[in-house]
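Going by the order they are written in, the chains are A, B and C; count residues from 1 in each one.
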Amino acid sequence: MLRQHQIRDDKDFSGCSIFGMINLEGKKVDGAPIIKAIANMKERSNGLGGGFAAYGIYPELSDLYAFHMMFDDERARVETEEFMCASFYMEKAEIIPTRPHRGVSDPPLLWRYFLLPREELLDGEAEDDFVVRAVMHINERIEGAFVFSSGKNMGVFKGVGYPEDIARFFLLDEYEAYTWVGHGRFPTNTQGWWGGAHPFNILDWSVVHNGEISSYGINVRYLEMYGYKCTLHTDTEVIAYAVDLLVRRHRLSIEDMSKVLAAPLWEEIDRMPPEERKIHTALRQTYSSLLMNGPFSIIISNNYQMIGLTDRIRLRPLVAGTRGNMVYISSEEAPMHLVDDSIEHTWIPQGGVPIVAELKKKKIVEEPPEMELLREEALP
Amino acid sequence: MKIDLEKKGDPRVFARINDKARIDASNLHYRELNAMVKEAASEGVKTMEIHNVFGQRYIGSGVRQPVHIDIYGVPGNDLGAFMDGPTIITHRNAQDGVGNTMNSGTIVVNGRAGDIVAMGMRGGQIFIRESVGYRAAIHMKEYFKHKPVLIIGGTTQDFLGEYMAGGVVVVLGLTKGEKEVKHQARHIGTGMHGGAIYLRGEVDDRNLGKGVSKVPLDEKDRDVLRDCVEGYVSYFGGDADEILSSHFTKLAALSHRPYGGLYAY
Amino acid sequence: MKSYLLPEFIIERNDYRCIRCEVCVRQCAFEVHRYDEEEDEVFADESKCVGCLRCVTLCPTNALVVRENPTRIPQNYNWTMDYLMDAYKQAETGGVLLTGMGCDRGYPIYWDHIVLDASQVTNPSIDPLREPMELRTYLGAKPDQLEIKSHKGKASLETRLTPQLKLETPILFSAISYGAISYNTCESLARAAHELGTYYNTGEGGLHKNLYKYGKNTICQVASGRFGVHADYLEVAAALEIKIGQGAKPGIGGHLPGEKVTAEISRTRMIPKGTDALSPAPHHDIYSIEDLAQLIYALKEATHWEKPVSVKIAAVHNSAAIASGIVRAGADIVALDGIRGGTGAAPTRIRDNVGIPIELALASVDTRLREEGIRNRASIVIAGGIRNSGDVIKAIALGADAVYLGTAALVAMGCHVCQKCYTGKCNWGIATQDPYLSKRLNPDIGTRRLVNMINGWSHEIKEMLGGMGINAIESLRGNRLRLRGVGLNQKELDILGIRHAGE
């Protein structure tokens, strides 16, 4: 069913609502606030997709890759598990707990696995690269199986339905996370399918997205040269892979990555001081095929960061707000106030300039660690 | 979600004394809220207070009576879209699309507004205490007696006055706290072919779109500015004379037909 | 021997309108028109007419009509008039048929079977008149990844990019040699490229000294004849191009007859006046791919690794594999010239029967380089049959970085595609070395016409990009999802990598 549902259009496009919240101290909250926030933007979605990413939810298994899986049938599960056992140590396998909920129908089989690559197979390859290849293999080669989350100590929960219904279906009120990102979807075709909901994830990178990427065709062809298989036909998947390539593999900073996805105009580059001009010219020359052209606002998250970004001429909305150690990013302003009525400061970011909220220590220990405040330059 | 357009009967939601009404919008869908506002206006309510507003859209749309609406909370997109007459005061920030294609009336935002404020606005007045997002006054236009006015206390982001065909935009740049402001928005007035933008302070030529130029202010401009600034001060406080004593830059279109020479034949 | 050739064209003169001004007489280098003073009448020898329409265009009273000769042998799908006439011509002379310009046969023109996308609702179209719209293009090898180091908050670029050509619009002027065209035509191309922020290509005939000042906008070609190739020529160029083949005559060389080797051309090509200038079919130092690599690196070494090197090939059956080899041999740009590419002179049968349409070659080369993961390593520039901005934008969406214009540039300057360039009698003053004819093209006006046309096309490209919701040309490059085929079979669609309209 997963494969059958793969869209026969060039790609699947949708309008959407996005919302993200991070506690810079790593303090965890349950899913209630984000459910409230995303439900407040119901007008922006149409019940054909909703989803969440939650960070810090598997503290006791935080060293293992948590694979969240959708299967069409038992055969796909057996085949996937055979592949997993051949490539990974499997610490734990279980059905993802759900409760039946009105408004959520026809779920696929939902399983999660806690995995570690077999050392003898790594042969010098980085663990993360090995995991990416495994994800690509399952998604491309195993009929009816789809990895929808593959990071450590985090998980994506998504499906067809309004986001608040999906949240209840997955019992998200029972999980605690320091970063929550949510998405409500408004696909323009009627074939809403579970894998097509946001967030899209690879390793601990998750992306939620509002808008449509007009450059999708070339973005995909470029990523294919680097081994990414864009099996889902959505521009959001492409953003997730682009971020993985640029930041994890090519080690660009978040700012430089933003300048690839939302490149400054040539006339602005031409006015920069020499060294900066050199860098930005090279970035645009080298990564021109990864410019995300067209309207988008996105929230990109990983285990220690939450990043908001819009296209370079800001054709989709994004607002941000802070109070104390909380940073919010949202499609609309009202839900931030709804979640936190004493929110202190809200602002609209400049197109193409990222809002970066990050924890000081990359690895969250369960003791509240010391955190760094939001980077100043994003604040007006 | 089930829409119940009869909630006005619930005294916890809607209360009326003479020509005043009070609405509690928490848990109201925008259709429920707006139906209530329209009905109250047609029944002779003159002033309304709407509390606990969180993102409900289109407030004030479709109301033809000159009612006064106070909004407590953050109204949703398209506040006062196609509005024709009412006065809306919001006591917090507003979202995108304030005064979209508005024809007459007044909107006052005690805070900041989002993108495309006053898009296609043809008449009435909008006062924003702080700054606004992208593409403010896009395709604002005027027609005979209809002359829209947008006054922004703070600054704007890029593409201010794009396609602007008429009306007046004033950007005061007061929120930065500086005496003289340098406006940073890019592509200001790109495609502008009518109306006027007044910026308190300066702006670099490179921030201006094609087809726009700085022109000196004359006495008539000073009068327009005085009206605008006095209006702003009447809502948000401040010293009109002091503001008016600053340097202002006027931007106007070079031509009413900027693309006359575009085509081969 | 009595010639059996019939005139290709019929000239009709409206005697009522004709004022006997003799413009037609003076304008026609083929000596078609003749004024008879005694009879006070203008006569025409239609057998000499090439259909260039110079006389029609310049006739002040619009008294002339030139149309195809309607005389036909009995209807015959196999023996058309042109095949018949060609046979007579060869029977009468025993020679090889010669022609100019690009293939005029009815092979499918894929541009005309491809349509573009536009945004509706889910994605806003962008208005190029007011919103930023970027056509800037850089040609040259791109690294697979960038390394940027940050030291004490100061970022610095660790990766060194190889030289790039900066184009303000993704259009260049194709290689046309001085010799094939007049000096004034060369000057017009050079000045237009300069004004437009793009490049023209010298072709294989060297570079006239007076045009060295446009070096920053000049791509200097190195072909098998190596005419005019010397240190200054290499130094002054913005980029160098090794010409392996040409779309109009793949697999064969060139020949500039000695009568065209005037004093100026002799100086520019560095060969004695009046001698034939022969371009061998192959480069005699390139008999295999590793030899090509040797020449590429020789040119890079000679120019201190400061200039991109392009390799131009004719589009042939296995272009994809050849292009892959060229990229691996170190070329920064691969130039592909399709079967409809023009020429100053080529044997008709070669021009019309050898090579493949550029659309298919481009699609297969771009796909192949991506499959091999080396598409970053070189830019693709295509030539051969680009007629308007619609063709340009479709080429870019199929995967080209930029396009070369040859015929279209000449058309901008007045060429009427009569295909008689090889005669040297171009009435439009373009493909000629006759000073009486070549002064007809004023370089000021030639430059203006070229700049106007490219500006118009660039604007149209922006409009089409905006319609697709794209504001930088790079986001369309290789973005084949924005194309659809109309009336193409599955094989053609597969090669082009596009879907059929409606899908």
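Note that in this section contacts are C-beta pairs under 8 Å (C-beta built on N, C-alpha and C of every residue); 3 or more make two chains touch, one makes a residue touch a chain.
Here the structure is a predicted model, which is why all the values come from computation and not from measurement.
Peer 1: Centre to centre, using CA atoms, which chain is the farthest one from subunit B?
Peer 2: C
Peer 1: For the pairs A-B and A-C, output the one whose chains share more C-beta pairs in contact.
Peer 2: A-C
Peer 1: Can you name the chain whose C-alpha mean lies closest to the mean of all the C-alpha atoms?
Peer 2: Centre-most chain by C-alpha means: A.
Peer 1: Using CA atom averages as chain centres, what separation in Å is found between subunit B and subunit C?
Peer 2: About 54 Å separates the centre of subunit B from that of subunit C.
Peer 1: For subunit A versus subunit B, what separation do you get between their C-alpha means, in angstrom?
Peer 2: Taking the average C-alpha coordinate of subunit A and of subunit B, the gap between them is 35 Å.
Peer 1: Using CA atom averages as chain centres, what separation in Å is found between subunit A and subunit C?
Peer 2: Their C-alpha centroids are separated by 47 Å.
Peer 1: Would you please write down the residue numbers of subunit B that are in contact with two or more other chains?
Peer 2: Residues 159 of subunit B each touch two or more of the other chains.
Peer 1: Can you list the residues of subunit C that touch 2 or more other chains?
Peer 2: 131-132
Peer 1: For subunit A, write out the residues touching at least two other chains, lowest number first.
Peer 2: In subunit A, the residues touching two or more other chains are 313.
Peer 1: Quick check: in the complex, which residue numbers of subunit A touch subunit B?
Peer 2: Subunit A reaches subunit B through residues 40-43, 271, 313-314, 317, 319, 332-335, 337-338, 346-348, 350-351.
Peer 1: Mind pulling up the subunit B residues that touch subunit C in the complex?
Peer 2: Touching subunit C: residues 159, 162-163, 187, 190-191, 209-210, 258-259, 262, 264 of subunit B.
Peer 1: Sort out for me which residues of subunit C touch subunit B in the complex.
Peer 2: Residues in contact with subunit B: 127, 129-132, 456, 459.
Peer 1: If you look only at subunit A, which of its residues touch subunit C in the complex?
Peer 2: That would be residues 8, 10-11, 13-15, 188, 211-212, 214-218, 221-222, 224-226, 249-253, 256, 263, 265-267, 275-276, 278-279, 282-289, 291, 293-295, 313, 315 of subunit A.
Peer 1: Which part of subunit C faces subunit A closely enough to touch in the complex?
Peer 2: 119, 121-124, 131-132, 134, 136, 138, 142-143, 145-148, 150, 154-157, 159, 161, 164, 370, 373, 375-376, 468-472, 474-482, 499, 503
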